[in-house]
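Got some structures for you, see below.
Shared between the two complexes below is subunit A, which has subunit B as its partner in the first and subunit C in the second.
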Partner chain A sequence: MRAYVEFAKKAFQNNITYRADYVAGVINAIVMIFVNICIWKAIYEDEQSVDGVQFKILITYVVLSFLMQCIYGMDEYHIEYKVRSGSIGLDLLKPINFSAYVFSYNLGILVFRIVMQLIPALIVSIVLFKMYPPFSLSMAACFVLSTILGYLVLYNLNFIVWISSFWFYWTFSLVTIKDAAVMILSGALLPLWFMPQFLVDFINLTPFASIYYVPITIYLGQVPMEEIAMVMVKQLIWALGLFLAGKVLWRIALKKLVVQGG
Partner chain B sequence: MEKKPLYNIFELLILMTKYIKLSLKSILEYKFDRTFITIAIFCREMISVVVMYLILARFVHIKGWEYDEMFFLYSFLFLSYSIFVLFFAGMRDFASMIYSGEFDRYLTRPLGLMFQIIVSRIDLSAGLGHGIVGIILFTKTAFSVGIIWSPKNIIYYIVILISGAIIQASIFMFASCFSFWTIKTENLRNMLFFNARRFSGYPISFYPGIIQKLLMFVIPFAFVNYFPSQFFLNKAEMNSFWSGYLYLSPAVAAIMFVLVYAFWKQGVKRYSSTGTSM
Partner chain C sequence: MPLIEVNNLVKDYKLNVRKKGLLGSIQGLIVPEYKMKRAVDNISFSIEKGEMVGFIGPNGAGKSTTVKMLTGILVPTSGSISIGGLSPSRDRKRNAMRLGVVFGQRSQLWWDLPVVDTFELLRYVYKIPEKTFKSNMALFNELLEINAFMSQPVRQLSLGQRMRADIAAALLHDPEIIFFDEPTIGLDVIAKEKVREFIRFINKEKGTTMLFTTHDMQDIEKTCQRMIIIDQGTTIYDGTVQHIKDSFGTTRTLVVDFSENVGKIEIPGVEVVEEKDRKKWLRFQKEQVPVSGLIYELTQKYGIVDLTVQEPEIEGIIREIYQGGIKFDESVCRVC
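Right after this comes the complex of A and B.
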């Protein structure tokens, strides 16, 4: 366990050396929130029938989504790099669980992003964009829990894509296509309630809504109290399902691994 | 020291086709990979188009902008970016040429430096990825927004696309020039460029005055797509801008290129190798 904490610490320190990157991350998030708010403002100017309350809900949705994007960022090419450089051979010789190592590494990044990106972006957002506070204190707790589950769903989905580097060596394309699917289908850029019914029906069959849409709607109080447990169980099932799929794929990948020189 | 050009235009064109052939050869070496990357870039760029489509499917129009008009406005960004990465990718990747020492090789050749930098790179995957999105948007909208494609309009359109490509290339080149002074500006550049591009996906009239000014005079994306599309669409909101802006894009491109070229000359003068040349 100690070893894994050290891995996480190392990831944290690695990230902190790139100061320009994290400042850029914060500014990017704020700009994106701002662009989206401008667009929604323009939309609502036309729609006279929509009252101000709904607009504010939308603003809160947009802000939350981009704040979550801040902390959901992971090192997409960590495994790919190890496979291609051959250093994965050394990692596999070490008395550690490789999957657990990758996870702790990403947890280090998560902590870094919470401290250095989420908190500044959150403060700016509260001051600039006047988002709603959580619907209630218990909803806030549920939101945090649901966001953690959302992170796990995304992590396990990512892990499957990362493992594909055992076959492809370069995973840029797959990672990019996966990102595109996540951005649209998870409701990160557009709330599901604005989407056509057939798309929503499709999304409900996939794990994507668990990543952004579910936590945000819990925050907004749009999920009735008695259904919250249900949606979270669904998130948990997706996280576990993807985790198991990743495990199986990992087994197969290990048999496939050929290290060139290293 | 001024010297007379070593080659005439005709010879330069032949050289250029030779360079392009070489680049294409190295790109097409990995056909499967490149196709896959092109598809990935296409998907990535489609995200914002799909989101815009879903919003408009629901709300029909935003601030008087209809569905077709919005996509027509957007198509300029993709097409000009596509031209930029197909023909001026060297200006984008220039900083990495300095770090890798590739630039030193160019210095030793009896050929214009800027020419070598421009012809040495073609980003076919990004060019196609962006280009296909642009062509889809253009063909879907160009004939339904009430544009008469007279020869004059077609010439204006082509000039605008090239101007847009040069404006974007100049922004990249400007940022890259700092690497002569060993200052890394890639993060700053990407942040400014891609955020400005995000803003420009929608009409600048959606934004508060300061952002509009920024997109007109600092990172002049307004001249890549907003004013050109106003030339064709003639929307009422154009009244709040000077009508001369409609024709200014080529001038903006020329001024930016000249300024960047001067800055670049300064950099070359000051340049000392990183010592990593191969």
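Right after this comes the complex of A and C.
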């Protein structure tokens, strides 16, 4: 167990070594929020609400979405690099669980992003963009829990994409497609309220809404108290389902592993 | 019972066959064609505890594949491997606790972090007791002088420094067995010697079993007693380094520096292979022409400034083996 804590610590340290990249990351997050707010402002054109959605609520949605994107960022090519360079062999020579190692590595990145990126971006957002506070204190707690579940859903989905590098060696296209799907279908760019009903029906059958839409709507108090438990159970089921799928895929990948080069 | 036992090991690879040209690559994309390649073909051997064994063979002979199967990161197509009673691929994690691996061309150190951070990490990965960790660090520093660059990020190290750090990292948990995959590749002469010295010392002090794959015959000569030559997936020799030298290194070359130009030399059984100014290289079989007699004969006839007897180097013998110049018969080869 201690080894995995150390892995997370090392991932954290590893991220901190590149100071320029870190500063750029914070600036990027703030600029992206700003640009998106400008776009929505243009759409609203001084109207108080569009489709019955208040402008301030929308702003809060957008800011939250970007703050979450900030911490949901993971090392998408960590496994691919290991597979392609063959250094995965070195990892398999260690008495450790590889999947657990990858997870703790990403947790290290998560902690780094929460401390070093989320907090500055959050302060700027509250002061500059005047986002709404959570609907209530209990909703705030539910939001945090739901965000953690959302992270797990996204992580396990990502893990499946990453493991595919055992077959494809290059996963850039796959990662790009996955990112696009997540951004659109999870409501990260555009709240699902504005989407046509058939698309929403489809999204409800996929894990995507669990990633962004569910936590944000909980924050905004749009999910009735009695339904919160149910949506969270749904998130949990998706996280578990994808986790198991990833586990099976990893088993198969391990079997077919051919170490490149050497 | 031997520590490592390998029986009838076979490994087949599925290779994607690519056709030539643009049309060929499009065809390969739509209808991929596969071909089976046997990388390791029925290899058997056993290694006792504390032995130092060199695996040699030309590129693509199947050495690395064999080593990867021994470490458990490749699963054999057929045959069996037992390391201290465990199957490496089935008990990968338990097996890993007892293994140390050094890849000359790869590093297990964290690239962006100081060396010491990787060592700290390994301490937890292998659950190394504090006392062992400290005494090993002190020992490695004494022998490899790693303290000088412990707090530098790995990416700033020279190859020699990185290699020393990598070797120390692989040995930190006192593994029973260590695999070295080209441990001295790219190092300068002094650094190579240092690494070999360290390896010999550890083997003697800790009784660690060691396996090398290398192309540097000096590595083998200076560290191993035993050598396994692999070619085209099969073992073609398994025995001592000395034995190969005795069996094939029967030619000697006498380099004679004469005091004057002597013209043609004709001695039965002796062949002049090279001439330069007043120097001549004379080659003969040591059983046919006793070297003392030859020297006596020469000193009687000519004035001589200098004399040296050259034994064939192991490298030359191995080269001939790869090229098929030397065939093994029953008397030499224990396994084939």
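Operating definition for what follows: the second predicted complex is superposed on the first by the 252 of 262 C-alpha atoms of A that agree within 3 Å, B and C clash if a C-alpha of one lies under 4 Å from a C-alpha of the other, contacts with A are read in each partner's own complex, and residues count from 1 in each chain.
In this text, a contact is a pair of C-beta atoms (placed from the backbone, for glycine too) under 8 Å apart; a residue touches a chain by one contact, two chains touch by 3 or more.
For clarity, every value in this text was computed on a predicted model and none was experimentally measured.
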{"item": "Clash-or-fit label for the pair subunit B, subunit C on subunit A", "value": "fit"}
{"item": "Touched partner set for A:T206, first subunit B, second subunit C, both or neither", "value": "neither"}
{"item": "Which of subunit B and subunit C A:S138 touches, first, second, both or neither", "value": "neither"}
{"item": "First (subunit B), second (subunit C), both or neither touched by A:L257", "value": "second"}
{"item": "Spatial angle subunit C-subunit A-subunit B, Cα centroids [nearest 10 degrees]", "value": "80"}
{"item": "Which superposed partner A:L92 touches (first subunit B, second subunit C, both, neither)", "value": "second"}
{"item": "Which of subunit B and subunit C A:Q54 touches, first, second, both or neither", "value": "neither"}
{"item": "Which superposed partner A:F194 touches (first subunit B, second subunit C, both, neither)", "value": "first"}
{"item": "Minimum Cα separation, subunit C to subunit B, after superposition on A (Å)", "value": "6"}
{"item": "Footprint of subunit C on subunit A - complex, ascending", "value": "2-3, 5-7, 10, 13-14, 17-18, 85-87, 89-90, 92-97, 255, 257-259, 262"}
{"item": "Residue ranges of subunit A touching subunit B (in the complex, touch as defined)", "value": "20-21, 24, 27-28, 31-32, 35, 38-39, 41-43, 45-47, 170, 172-174, 176-177, 179-181, 183-184, 189-190, 194-196"}
{"item": "Parts of subunit B lying in touch with subunit A, wherever the complex brings them together", "value": "33, 36-37, 39-41, 43-44, 46-47, 50-51, 54-55, 57-59, 61-64, 184, 187-188, 190-191, 195, 198-199, 202, 206-208, 211"}
{"item": "Of subunit C, residues touching subunit A in the complex", "value": "13, 64, 68, 71-75, 92-94, 96-97, 99, 101, 103, 105-106, 108, 110, 112-113, 117, 120-121, 124-127, 153, 181"}
